[in-house]
Amino acid sequence: MTIDPILLLEIVLTIIMIISAIIAVETKHLVAALAMLGLVSLQASVYFLILQAPDVAMTEASIGAGLSVGIFAYAFWKTGETEEKLENLEEMDKGVLIK
Amino acid sequence: MVPHDIPYSMIIIATLLIGAFISGAFAKMRKSLGIITGIIVLSLSFGFSIASAIDVFTNGVRIELAGGWLPPTGINFYVGPFSAVVVSIGLFLALISFIFQYKEISPEKAPAYLPLFILFVAGFSGMLYTGDVFNFFVFMEILSISGMVLIASLESKHSSFAAFKYYVIASLSSSMFLVGVAIIYSSTGILNMAFLSESIKGVNSDYIKFASVLIILALAAEAEMLPLGLWVPDAYERAPSFISAILASLMGISGVYGILRFVNVVFPGVEGIRYVTTTIVIIMALLTVFVTELVAAIQNRAKRMIAYAGMAQLSIIAMVGILGTEASSAASFHIINIMLVEFLLFMTTQYFTGMGDALGKNNFSVAILLSIGALAAIGMPPFGPFWSKLYMVISAYTAGCPLISIAIILGSVAEVYFFARVLYHVWKSGIKIASCPEKRVAVLMLVALLIVLIGIYPKIVISTVLPKMGSDLAGVSYLDNVLSVVGWSL
Amino acid sequence: MIIFWAYISAIGLISIGIYGLLMKRHAFKLIISLGLISTGVNLLLISIGYIIGGTAPIYPKNLNISAPMVDPLPQALVLTAIVIETAILAAALSLAILMHREYGTLDVRVIWRRLR
Amino acid sequence: MIIRRIFAALFAIFFFISAYVLIADIGFGNNKMDDLVGKYYIENTIKDTTALNVVSTVVVNYRGLDTLGEVTVLFVASVSVGVLMARFKGSKLWNVSTTPIHITAGRILFPLIWIFGAYIFVHRHLTPGGWFPGGAVIASGVLLLMLAFKDYLPSSKLITFSESISGSLYVLVGLIGLAIGGYFLYDFVYRTYGIGTIGTLISGGFIPIVYTIIGVKDGVELSGILHHLSRDDTE
């Protein structure tokens, strides 16, 4: 039995894509999450290429993996949040002052 | 009376877009130049919309093609009586609000603020005119992004978070809408609303049911229906009053119109879908009416309360609008009234900051205006909403949904309670507040006068404008009108 | 049973995004989740227009095409949708920066409580 | 917290399975080309417009109004970043030190980058790519200038003016179509005057014109976003 290389590529892409999406959502480091978001966009653009949509692939690569990541990085830099800082809600309810 | 062969709606959109593009540049040179450009553009398009309304009422529905491609391949605008009238009112209110606000805007903000405002109006007009599903989405995005930024643009307190809330909901709902469009397209291969209504009949109805749920939920965010309408009270409270006024009177109406277009025109051909769409709309609407009227009663801040009251009215319109032709004309009557009343209420609450204020002693004319708005919102007899509420109650009852009639009446009872509180605080003696310039009072008087006039002569509206608007909103002969332009059939 | 990998990745991205929306309370995480959802929706639209063995909808200069072309319309829709999503994203990030300036944190639930 | 996580995960998995079951039935990769509209586009593109790239034709010609809306949305994005960042005034974001290498490379590369960007969006009716990359390349040229020449910041007046001029030009092209052919965004170049030979640069009706306009607009818009973002907030 021979395996179609395109099919193999699709399977690998799907698996990596979903793993990187999960990391993007779960990780505490916002920069890593951003990198993973860019990676998902890049893989999506490869997928668009496989699905015979070269116009969309080029646009997605330039926007999803380029522009959005840039704007995101700028926002991180501007706010100084590189990690997911969360306040403790229960303490807040008890009246402990935050900032 | 007006020349017939001009594509008015396309020209309105083109005028607004050009106006949005150039007003920013002009405002960069001088703020007043930008303001003048905006006023010229909005008045021009208001004039065109009046002309288009006259044209539609004398010569019937107009289909206007973009790029000259016939409907299923190209995009067409469907200028029916409903959209013609509602866009005229919307542009009128936008013009008033634009004149109203020019002093509040600082010269640094003006180059960005003016285009956003005009684009908001352009998105509204486009949503009401378009006859194509995806084009509807594009205009909806123009409306919602510019609305989102408008909420936060003047940086009043907490407005950034209110706008962010709206961003989360709007972005989620736009994704849901796109999935719905994708499913519809995959099973029919068409995006034109009129042709969809025909070719959607033959396909597997399960997909279309799923798609209809997604699309209605997505539009419910715009139509301010719970659960996705949660963004409304915060956003309308935190935004500056003249922005809340224009958002409240235009944004919700466009969402409700979208729901009614999809439920009445696009989907009804599918087997068994009537049950799904009606149930979901009525459940969401009843929930919204119940919750918002209850929550509004315990509010202490006037703007927040009015926002809740407006949500309830929009849900009532959505419920009544899906019940058939007669009920649709009642709903379109209420849409006209609600746009005017919400606008007046939000504009006047600018001078009424809390329940402790005694507006009546310091600022008699504004207090009168606010009272007119509040009484009209309740549905007191000499004002327009009284007739439209009565009409809706009767038509919902005759259409076989007494539950909806009861909901409308109960809602009005709750509104009596909380608007009475507002009136009490307005006329009670108390603290001093800022006075309002006479010019603005005169402009707002115009809106109040319209509400009173509709209330005194309801028969003129009911007999001339409403029947055509109602049948348009109910989707009567939508496909035939489009097919008459194409000259061929499926 | 044939497995449609394109659908799996599209729907997978959407579900992970929904999971993120439900779980996360940091504003940037919410924006990232919504970005994942919109990428998934775009992928879904493109894969709906795909035909097995099809070619891209671009004619060669001699106008001879051997295989059927895939549906061009979803591609046009996605081109529009991508740009719209980026526009929303830019506006949302500016909002987040404003929020950080006003509240000093981006934890949505903390801000929500401060609002009351 | 853990209950919430489990609930969210279960909901996502439930959504995944139900959506997959429902959508998989649509059929992946089947020829759904009784698809009225898609089939029409593929069969008639060359006859109607002489363009080779069907997607470009759909984007600009058949569904031109969508693209006008899309360009408008991008304009909204640039404007909104501007209005939300308007409070923060100041100098430049990048405090990188420039070296002679930067400056020399900037001088040589900048025109080439712009020429390449123009090449991309002028050829969109013949080759794939969409209109966005061309504009992005132009904006990257501006970014290079901003990085190489420390004092160079495109004046915000210039950006606003080019934004409004290029946006208005697109609407004006539509209005010219209205005047000549009777429809807004009518392809007057090919359908009225018949200009264009298949496969050459001058073909595809008004697609090259429109793409040049929106490519420039896109580049300006992105430079505008860069410009708005690059203000430092030393208040």
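Per-chain residue numbering starts at 1, and chain names A, B, C and D are given in the order in which the chains are listed.
Operating definition for what follows: a residue touches a chain if its C-beta (ideal position, glycine included) is under 8 Å from a C-beta of that chain, and two chains touch if they have at least 3 such contacts.
Because the structure is a prediction, the values reported are computed rather than measured.
**Student:** Of the pairs A-D and A-C, which shows more C-beta pairs in contact?
**Tutor:** A-C
**Student:** Distance-wise, how many Å sit between the C-alpha centres of chain A and chain D, to the nearest whole number?
**Tutor:** Using C-alpha averages as centres, the distance is 22 Å.
**Student:** Taking each chain's centre as the mean position of its Cα atoms, how many Å separate chain A from chain B?
**Tutor:** Once rounded, the distance between the two centres reads 36 Å.
**Student:** Just the number, please: Cα centre separation of chain A and chain C in whole Å.
**Tutor:** The mean C-alpha positions of chain A and chain C differ by 11 Å.
**Student:** Distance between chain B and chain D based on Cα centroids, please, to the nearest Å.
**Tutor:** Distance between chain centres: 30 Å.
**Student:** Give me the residue numbers in chain A that touch at least two other chains, ranges are fine.
**Tutor:** Those would be 53-56, 59, 63, 67, 71, 74, 78.
**Student:** Hey, what residues on chain D touch two or more of the other chains?
**Tutor:** 23, 26, 32-33, 35, 37-38, 41, 53, 55, 63, 66, 69-70, 73, 76-77, 80, 84, 128, 130, 132, 225, in rising order.
**Student:** Mind pulling the chain C residues that touch 2 or more other chains?
**Tutor:** 6, 8, 12, 14, 16, 19, 23, 44, 47-50, 54, 56-58, 73, 75, 77, 79-80, 82-84, 86-88, 90-91, 94-98
**Student:** For each chain, which other chains does it touch, given as pairs?
**Tutor:** A-C, A-D, B-C, B-D, C-D
**Student:** Show me the residue ranges of chain D that touch chain C in the complex, using the header's touch definition.
**Tutor:** For chain D paired with chain C, touching residues are 4-5, 7-9, 11-13, 15-16, 19-20, 23-24, 26, 28-33, 35, 37-38, 41-42, 45-46, 52-55, 57-59, 63, 66-67, 69-70, 73-74, 76-78, 80-81, 84-85, 127-128, 130, 132, 198-199, 225.
**Student:** Any idea which chain D residues touch chain B in the complex?
**Tutor:** Against chain B, the touching part of chain D is residues 22-23, 25-26, 32-41, 61-66, 68-70, 72-73, 75-77, 79-80, 82-84, 86-87, 156-157, 160-161, 163-165, 167-168, 171-172, 174-175, 177-178, 181-187, 191.
**Student:** Using the touch definition from the top, list the residues of chain C that touch chain D in their complex.
**Tutor:** By the definition above, chain C touches chain D via 2, 4, 6-8, 11-12, 14-16, 18-19, 22-23, 44, 47-52, 54, 56-61, 63, 68-69, 71-73, 75-77, 79-80, 82-84, 86-88, 90-91, 94-95, 97-98.
**Student:** For chain A, which residues count as touching chain C in their complex?
**Tutor:** Against chain C, chain A makes touches at 7, 10-11, 13-14, 17-18, 21-22, 24-25, 30, 33-34, 37, 40-41, 44, 47-48, 51-56, 59-60, 63-64, 67-68, 71-72, 74-76, 78-79, 81, 84-87, 89, 92, 98-99.
**Student:** Using the touch rule from the top, collect the residues of chain A that touch chain D in their complex.
**Tutor:** That would be residues 53-56, 58-59, 62-63, 66-67, 71, 74, 78 of chain A.
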